[in-house]
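Down below are the structures I want you to see.
Each of the next two complexes has chain A plus one more chain, namely chain B in the first and chain C in the second.
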Partner chain A sequence: MINTVFNLQLLCASLIMLSIILMHIVKKNSTLVTAYILQSLGLVVLLGSGAIQEKSFGLLVVTAIMFVIKIIVAPSLFIRLIKKSHLNLSASTYLNIPLTLSILLGILVFSQSDILTPLLTLLPVIPQIKTILISGILMSLFLIINRKGALSQIIGVLSLENTIFVFGIFLGVRQLSALEIGLLFDVFFWIVVSSVFVTMIYRNFGSFDISKLNQLKK
Partner chain B sequence: MAIILLLVIPIIAIILSALFGHKKEILEKINCVSSVLELLAGGYIVEQVVVSHSYSLFPYFSVEALSALILGLTVLVGIIATFHGVEYFELELGKKMISEKTMQHSYILMRVFLVSMYAAIVTANPIIMWISIEVTSLTSVFLINFFNRPEDLEAAWKFLIINSVGLLFGLLGTLLFLSQGEGLGRIFIQWTDLMSVAHSMSPTLLKFAYLFVIIGYGTKMGFVPMHTWKPDTYNKAPLPVVALLSGALLNVAFLAILRFTLIANISIGKAFSQNLFLFFGFISVTLAGSIIYTQKNYKRMLAYSTIEHAGLMLLGIGFGGIGIFGALLHMIYHSLGKAFFFLLSSNVAVRYSSSIIAEVKGLLKTLPVTGVLYIFAFLFITGMPPFGIFFSEFYIFLGGFAHHIIITSIVILMLIFVFVGFFRSIISMVFTPAPEGVEQGETSMWGLVPVGALALILVIISFYLPPFVTQLLKESVQTITNIR
Partner chain C sequence: MILIILKFILLPLLSPLMVGIVRKVKALMQNRQGARIYQPYFDLWKLFHKDEVISPDASWIFFATPYILFGLSILVLVAVPVFGSVESLIPFSDFLVVIYMVAAATFFLALSGIDVGSAFGGFGSSREMTLAALTEGVLLFALLPVALLTHTTNLALMATYAANLPVTSYFAVITAFLGYIIAMFSETGRIPFDNPATHLELTMIHEAMILEYSGKRLALIEWASANKLLFFALLGVNMFFPKGLTQAGDPMALLSAFGISVFKTILLLVVIAVAESSVAKFRLFRLPDILLTGFILGIIAILVAVI
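For the complex of A and B:
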């Protein structure tokens, strides 16, 4: 049983990690959304397995809501946005693919450095997962910085949020289910608000490319 | 009960505004009445804290001296911004800059913004505080895009992304703090619970957690280097909303930082937080000071002034001793003083339809009362004696000279730059001949009554602090000092 749990944890963490790398290298917005679905799936499975293990009904409800928000609602909103705008090819990155991959590698190496040891010792998981969690947070942050597309930035923020949620799960932080649901509703509203803004950006600038947003400099 | 009322009143106002707000007069009445009732509920809570040292609705809400102080400021700035907003929104509507629908949405969003700030202040739980502060971001992003022009959209987008990323780091820090309260065996952890187990928390881990919290809520407070959203936001958002951002939300984020500081100091000791406060405070004042000196846009100048004053508050806490008292006193004066300055600036912005200093001339002729009050606001906010900020800065520097003479000296030098920068701009705006084609005379009383009332409050509290404020200040200082 313990082995199964560890394997599942490692599988989910790996899925989350791979999805972030995929987000960095894909060019199509629809593939970006698929990567986000995969990542969210990893998070949902992780949370769901915890709920079953703890036999917690509250956590199961939280998992169900998370599934609806992150795997059904958010991707549908994004796909609708892409279809409406006919902009399936995402805006490019500031750095090219080889440079982006080099930085991702650098982040991976940094995540195993001694400076983070105190933070990592607290997590009751195997070292590989610890590295994945830290590098996941940093890589998501890099995604927000490196991508020019507004939709890519939204997915970057949501990816950062997913990795922080996973971090919280591994830390064993349990809050009142109502609070956890509150957090998820907050995420839901964030997704809606940011989608509205992406639509407005497209209407005003004819593109998702935020490097075209240069009115403030004038 | 008063806490429930404080949270329910604006929610009722939101519902009523959504249902019956298509008529401008009804919308204005709903929001003005709501703000008066919020002031009464908030005032009652503050009074209860003064009498009994704390006021709580166990276990979900709790208000003590520091949060009562901030709650008092928030309801006060809230009512003044709402009343001033009536005039502002009407004028923008008259100029066809906004539609009636936008006006209705703005009133609703302003109330959501206010109620989420109240919730963040009165909650006993760190996660609810985080959610509430995140809600302020989600509402203000629409308010920043008030005029719906491309540049407003750009500012709103910048605000949304930077604040969201910052707050996610705040959430990470909060989770790390909460993970240390695991031994409590509770699923609703209060601030006081975390403090009671702080001595057994891992100091090294808390350093990481505290850093994340500082980055997270520091982004919301807007100190350097997490300030980049601020000048653009303050330049583009409607000014009554900016008055709320600068005069109220900044304090709420400061409260979050201070609450985590109290817990961290027990485990790590005061040196860690003190050094961080000094670092961020120092770079905020120096950068903001040098930019104010060369600023050509008065709204951006006020935005950098907010960054400078946030830096001064951090420095006061970092200096310790009398500096802590100075920082909290500074928070009061800045909150009201900056709201006053922004509301006056909204009169200027509506009249001149420009935020460029060179395009605003002859303020004394075009807006005689606003012009005079503008000079007062300038003297107040730059810390000229005998006004309040002079004294709060004096206390901060008194704390600084005890142990950090070099930092204090450089900061004082930067404040001279700030003064000169403001002085040049204000002279150019106020004491120059009025340009042709700009209407002369104040538009109506509505734009002046709220700012006039605020001016009166600023003069009074510069010379006389009501005993209840002194008591709350003393108790707040005591809370911070005992743990330091």
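For the complex of A and C:
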């Protein structure tokens, strides 16, 4: 049972990492949201399997709330935004796909470097997963930097939050369920506020592209 | 030996059916009824019974290429794992040899394109070689992670051992598979690289090179291209999703492994047809970008595999 759950958790970590690569490659906003759903699903399964293994009701409640916020509410908010603005193909990047992937490759190499050894020794898991976890965080950070669209950047922030959460799970960091639920509500309100903010950007500038914001100077 | 003979006969016979399935799914995706899935067999039959028109400028390369292509396509089909570890005894089933056989076929096809001196053949060959230079690398880097994880370069052993890889290797395998799919689309001339259904001079690659062929030789080339599609589909499903391959040698296990392989192949081809119907043909100058993407995905997979 323990082995099966651990394998499932490793599989979920791989799924989360794959979804980050997908987020870097895709051009459509709707596909980006799908990749985020996939990533969140990985996280929910990861947390849910842990809850079942530990037979923790509190953790199961956290998983259920996470499922509602990250897989139902947030994506539907984003999809509504995309439909309202008719800007499905605006997920443009500063670097082209091969260059973006080259940077991801660099991040993967960096995440194995000696600089991160003190951090890596904290993780009680196998080397491949250590690399995946560290590089996942850095790749999400790069997603925020590389994307021009405000919606893509929001998804980048949420992806960063997801990867830090996964890192925490594998690190064995566990807080009180009440505190974790509180954090999830913070994330929920951040999603709502940022969605409103993006809507206002669209109303003023007719685009999600943050490079258009330099028109503010005029 | 019996297995080799069986594969030698069975797989080339199946390959036109696979083309028919892809065409049927694409037709359904376009709200058309489309031709029957057996239509490629009738097309081949028709071509084999037609006379040929050959340019007086054609050299031996033009005459020999269809036979070389068809021969190589059968050899790579025989090398691909369909049953399991029993196929490891096939002498040319090393993945590097197979990649070079695919490259040799592309080389002769490009040569035959420029052989008769037509403008269409010339630009088709030029385009094909531009892509082939990158595609072979992508293919190599997509299969290398599996070879590194399984510690062998024998295709049958790679596939059989890959079935028992630990969960930690899945990320490398799936990333490599994404690179493989890109190489497969390029090698088999599918959208977004090429459109096998058109003869538009602005976009065609494969069709431009074989424009001078007719009759029996065209039939052989078409059949070889169907064999190539089946080879890539079979290799893709059995290398990256090897569940179903057997390590046993009894007939029932082998038959079941073959059935599962064919089922997985049909499933992959349906997915390919749906994917092809969902994307547009890319401009020629954007194609290296996609291939580079596949190449880097392969490197990422290798890096994760060797950690």
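Here, the second predicted complex is superposed on the first by the 212 of 218 C-alpha atoms of A that agree within 3 Å, B and C clash if a C-alpha of one lies under 4 Å from a C-alpha of the other, contacts with A are read in each partner's own complex, and residues count from 1 in each chain.
The rule is simple: a contact is a pair of C-beta atoms (placed from the backbone, for glycine too) under 8 Å apart; a residue touches a chain by one contact, two chains touch by 3 or more.
All of these numbers come straight from a predicted model, not from anything done at the bench.
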Fit-or-clash call for chain B and chain C when the two complexes are aligned on chain A: fit
Which partner does A:L101 reach: the first (chain B), the second (chain C), both, or neither? second
Which partner does A:T131 contact after superposing on A: first (chain B), second (chain C), both, neither? second
Figure out whether A:I25 sits in contact with chain B (first) or chain C (second), or with both, or with neither. second
Applying the touch criterion given at the start, work out whether A:Q39 contacts chain B, chain C, both or neither, answering first, second, both or neither. neither
With the two complexes superposed on chain A, say which partner A:T93 touches: chain B (first), chain C (second), both, or neither. neither
Should A:W190 be classified as contacting the first partner (chain B), the second (chain C), both, or neither? first
When the two structures are overlaid on chain A, which partner does A:N7 contact: first (chain B), second (chain C), both, or neither? second
Give me the angle at the C-alpha centre of chain A between the C-alpha centres of chain B and chain C, rounded to the nearest 10 degrees. 150
Comparing chain B and chain C in the superposed model, the one touching more of chain A is B
Taking the superposition as given, does A:Q112 touch the first partner, chain B, the second, chain C, both, or neither? second
Taking the superposition on A as described, I'd like to know which of chain B and chain C A:M17 touches: first, second, both or neither. second
Once superposed, chain B sits from chain C at a minimum Cα distance (Å) of 22
Residues on chain A lying within both footprints (that of chain B and that of chain C): none
Chain A residues touching chain B in their complex are 118-119, 122, 137, 141, 144, 150, 153, 157, 160-161, 164, 167-168, 171-176, 179, 182-183, 186, 189-190, 193-194, 197, 200-201, 204-205, 210, 213-216, 218
What does chain A use to touch chain C in their complex? 7, 10-11, 14, 17-18, 21, 25, 96-98, 101-102, 104-105, 108-109, 112, 126-129, 131-132
Give the list of chain C residues in touch with chain A in this complex. 167-172, 174-175, 289-290, 292-293, 295-297, 299-300, 303-304, 307
In the complex, chain B touches chain A at residues 125, 127-128, 131, 134-135, 138, 141-142, 145, 148-151, 153-158, 160-161, 164-165, 168, 171-172, 175-176, 178-179, 182, 187-189, 202, 204-205, 207-208, 232
